[in-house]
Each structure stands twice: as structure tokens, then as C-alpha cells.
Amino acid sequence: MNNLKKVAIDSLNERGITIDSMASIVYELQKEYNDITLEYCKDTVLSTLDKDEVINAVLTGIAIDKATEQHLFDPEINDIIIEDSKLYGIDEILALSIVNIYGSIALTNFGYLDKLKPHIIGEIDKLGKEKKRCNTFLDDIVAAIISAALSKIAHNNAQKEN
Amino acid sequence: MNNLKKVAIDSLNERGITIDSMASIVYELQKEYNDITLEYCKDTVLSTLDKDEVINAVLTGIAIDKATEQHLFDPEINDIIIEDSKLYGIDEILALSIVNIYGSIALTNFGYLDKLKPHIIGEIDKLGKEKKRCNTFLDDIVAAIISAALSKIAHNNAQKEN
Amino acid sequence: MNNLKKVAIDSLNERGITIDSMASIVYELQKEYNDITLEYCKDTVLSTLDKDEVINAVLTGIAIDKATEQHLFDPEINDIIIEDSKLYGIDEILALSIVNIYGSIALTNFGYLDKLKPHIIGEIDKLGKEKKRCNTFLDDIVAAIISAALSKIAHNNAQKEN
Amino acid sequence: MNNLKKVAIDSLNERGITIDSMASIVYELQKEYNDITLEYCKDTVLSTLDKDEVINAVLTGIAIDKATEQHLFDPEINDIIIEDSKLYGIDEILALSIVNIYGSIALTNFGYLDKLKPHIIGEIDKLGKEKKRCNTFLDDIVAAIISAALSKIAHNNAQKEN
């Protein structure tokens, strides 16, 4: 495995996000449409982390969250990132670097997950809102990886049918 | 009123979409967060149609839908557009020309609306899926205009609070 | 070869764009950075047409250009598309459905090519501006495919170095 | 003036970017198309900083550059950001949060400026490449603000003509 891919997975784990927790959301959202296994969802989530764009987004987003948590940025921007208001959209934009490369199915899934925040996405968002952690970027990155996996599964299925 | 803005509104009406039907979805999604009136939502929806990008997206999307309905395109692409499969994402992309200029709040709302398809969005999508009309581009454009209005209201409210 | 991929290549040919004409721009822009052959550039351009998003963008864009040429749309939007003014950005947006999935290297190359319009891109743009053809969407699609190939080559080279 | 707008302008100044240095690039790129003054370009550049998205992108990008310069992030991602390789595209993506809201004219100008890096954009990029500063995000943000101003001028001119 690419060394940076391993660093990205470790960073996600360290912030409370396992590959399994993302794969289970993928499975839940796909099982009604496709005859798939949790194992396949896990492999698909892992495969998104082969791409430079995904690794860079994960590492950068988590770096910003951690620096914000430790108040390493100038106070004005540090406060804005901790606050994570609806008007601060840089976290969603950074997640777009993942979402865009998986096309429009990823895009609509991302908007949906970012609004509903199911399971682990909601849990890390809540920890952030309670100021226990800064997860401003992490919840969007996790939603983006899940959206990417959902898109990949949809495109793979279509190719099998043809 | 700009002449092309009027043409865009007339085209939407002709395809079954009134400003009121979009404003009522905006109102429903916003009333729990903000003390707003339906009239204000209507004005905001109308104001999105001042922008060149929004007018061009409306006119182009409806032109594609109408030409598809009349089988004016080559059969391969005409069939793909009528089919409106999840793998055909050009309709979502065209809607992005509206969504992008209203920032990340518009983007997440768009993904959400495109997936849940409430009220008029669902109705035109259903007409399309039943092959009574080709609404492949229209439902995404309507979701995009509503998302744009939601974003504009959120930004306006934030400025009033400061 | 996927049948729709073949239709897309034939449609490009019919509008005056060969795989070779795109590959030669890729080669010219890359040869100073990489030790590559024209054949490799051609294979890379062809491989971008394996993706659903690229095929759909090619077929839709050319369908719009052809319908506009035959005045099949309502006059207001038909005139706007023929005119291809700087303010009509739907052609660039449609091309983004190709560019986005190839990441930020594709994006900056696209902006550059869309502004400078070298070789075949400039030739089809000129034919359109002289109203001999409607190439409003085609020039952006060709720039997008070339940008996608340039991005793919850059990422492949980076992986070889690691 | 909005307090955060002032902070954003001060942050740009502190990193070597004045409103004047951006306005002069806008003027140079526009003077052949429009009868405009440098003063008007300056006002337009300043007006882009009224938007939440632009302020947030400026403050976040500069915060990342400064933290990277001081080696405050984990070494893997800190090294990647300092390196500013073509494969690291998060800086371009962050700039897109500015570019997107100004539409397709901004987008193509951004790609062009990001590739050619005229004047102040090239100077800060060079300082970064020489490892005297970390300007990985700054050069893209400056290119994005200039692109936004160019798009605004183009749309304003079109409205005056109608």
C-alpha cells in the first residue's frame, strides 16, 4: 500500500473514523438497490483512498481541524473554523476535491449526506458542535468519501449490466 | 424587467413551473429557521433570475428537454436523455451553473433536493419518468433555483445579525 | 469497444475533430516535461472516452451544436447559443463534467486552453464565430478532453516516480 | 467596512499582496477590451471582498500557508504543502470557492492566470518555490480574486450595453 494512503487511513482512525464505519453507511444506502456485501463496500471505500486527490483532502482537512483545536491559527479564522457556521463553506469546498472526481452521483449523495448527517457523520459533527473536538472539515470529508464509494458502485453496476 | 428574464419565467410556466411553486418549497424549508413570509421567498426566487447564468441555464435546459421530447436529436443521445438514468449527469452539471454561483449552502441544498425531490420537483420528475414529458433537465434546474434562493436567504439573515 | 464510445468518436470525427488532432496538442504541451510519444498521447486521449461522463458530455454538446445550427430551438436561446458570447457559460459548464473528474491539473489546463485556443480548438472556434458552423459547445469539449489527458499523464508519471 | 473584510485585506498585505497589485493585473488584462480606469479595477477588486466566501477563502488559505511555514502540521502533510507539487490540488480547490461564485468567465481566467502566473502571482509563487515563504495557497487565492474581478467587469459591461 502507498505510504501516504496508510497515513491517511491512520489519520482518519486517530480522529475516530474507521473504514468500517464508512462502509456500513455505504452498505445501508445501497442494499435496497443492489445485491452487495459489506465486504465489497469496505473494499470500495478503501479504493477511493488510492487517489492523490482523496489522500490530499483527508490529510489537509484533518491538519486544519487539529491545528484549530490547538488554537494555532490567528484568532479570527480560528474562531470561524471552530464555530463551523453555515456561512463558512471552505469545509464543503475541500470535500468537493473528492466529490468532483466521482461525478454527479457523488455530488448529489454528498449534498444529501451533508444535510442529514447519518450515523458516524452526525456523531463527529455533534462532537464538534459541543466543542469537544474540532471536526469542521472531518464530517465533510467522511461524507465525501462515502459519496465517492456510492458513485463508484453505481457506475460498476451499470457496466456489469451492459 | 430584463426581456430574457421574462422569457425564462414564461418558459418555466409553460413547462408547469410557477415562481409560486418554487417559493413555497423555499418557505417550507426555511420557516423553522427564520421568521420569513411566503412573499419574501417569492421575491428571492425571482431575484435569482436576474443573473445571466440562471437565465441561460433555464433556457438551455428547457430547450434540451423540448427538443428531446420531439426526438430532434440523434437517436443515441435522444434515448439517453429521455431515459434520465443515474449515470447521465449532464442535467445535474447544467444545474451547477446556477448552484455554484450561490456557494456551498446552495450546493448541499441542491444535493438534498435532488435526492428527495419534494413537491413540484417530484411531480415533474414523475411526469418525465412516465415518459409523458421529458423533464430530465427541468427538475434539476428547479432544484437549483430553490437551492440558490435558500442560500441567498441564509446569507442575508447572517448579514442582518451582524 | 463500448458502443457509445464508438458513437462519441464518430460524432467528434463528423464535426471535424479526430483523436489525432487532440493527441497532437497533448503531445506538444507535454513533450518538454515528459519523455512521451505521440502514440501514448493518442492512447491517453482515447482512454478518457471510456468514462460515462465524457461520452455523455461529447454526445450532448454536439447534439446542442447541431440542433442550434438547424435552428431547432426557440429563437431566443437559439440566438444566444449561436452568438457564443462570453456571458453564455453553459458550454464551459458542460465541459466541466469532463474536467472535474480529472482533478485540478485538468481544471487549470482547461482554463488555459479555453483562453488561448491553440490549433484545432481555435479552428473550430473560428468556424463557429464566422457562423459557418455552430461550434459553441464543441471547442470547450475538445479543450476538456485534452485537459483530461494532460492530467492523466501527469498523475501517471508521478506514480512511476514513486 | 465589515471587520472581517478588513482582517482579510490586512492579511493579504502582510503576505505581500496589496489591492493595487491585484488591480493592476485586472487593468492590464481588461484595458484592450474596455475603456476602464485603474481606479475602477481597484474598486472592483475590493468589492469581491464583500462576499463571505471570498473572505473565508483568503483567511483560511493564508492560515494554512503560515502554519505550514512554521511547521505546525504533521510532517507528512506539512512537507506536501511546502512542496506545492502539481499533484497537490487542494490550493486550487480552495480558490474555486471564490471562482465558482463568479461563473464561467472567472473560471477560464483562473486557469489561465494559474498557468501563466503574471507579475505578483509569479513573484509569490517564486518565493514559495525558493522555500523563502510558503505561498502554496496564496498564489491561487490571488489569481482567484483577480479572475472574480475580471468576471464582474465583463458582466457589468454587458448590462450597460443592453
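Order as written gives the chain letters A, B, C and D; numbering starts at 1 within each chain.
Quick note on the criterion: a contact is a pair of C-beta atoms (placed from the backbone, for glycine too) under 8 Å apart; a residue touches a chain by one contact, two chains touch by 3 or more.
For clarity, every value in this text was computed on a predicted model and none was experimentally measured.
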item: Touching subunit C and also subunit D, the following chains; value: A, B
item: Chain pair showing more contacts of the two, B-D and A-B; value: A-B
item: Relative to subunit A, chain with the most remote C-alpha centre; value: C
item: Intercentroid distance (Cα basis), subunit B paired with subunit A, Å; value: 27
item: Distance between the centres, which are taken as Cα means, of subunit D and subunit B, whole angstrom; value: 31
item: Subunit A: positions in contact with at least two other chains; value: 52-53, 87, 89, 93, 96-97, 103-104, 155, 158
item: Subunit D contact footprint on subunit B (complex, rising order); value: 2, 52-53, 97, 100-104, 155, 158, 162
item: Interface residues, subunit D side, partner subunit A - complex; value: 4, 7, 11, 52-53, 56-57, 59-60, 63-64, 66-67, 72-74, 76-78, 80-81, 87-90, 93-94, 96-97
item: Touching residues on subunit B, where the partner in the complex is subunit A; value: 85-87, 89, 92-93, 96, 103-105, 107-116, 154-155, 158
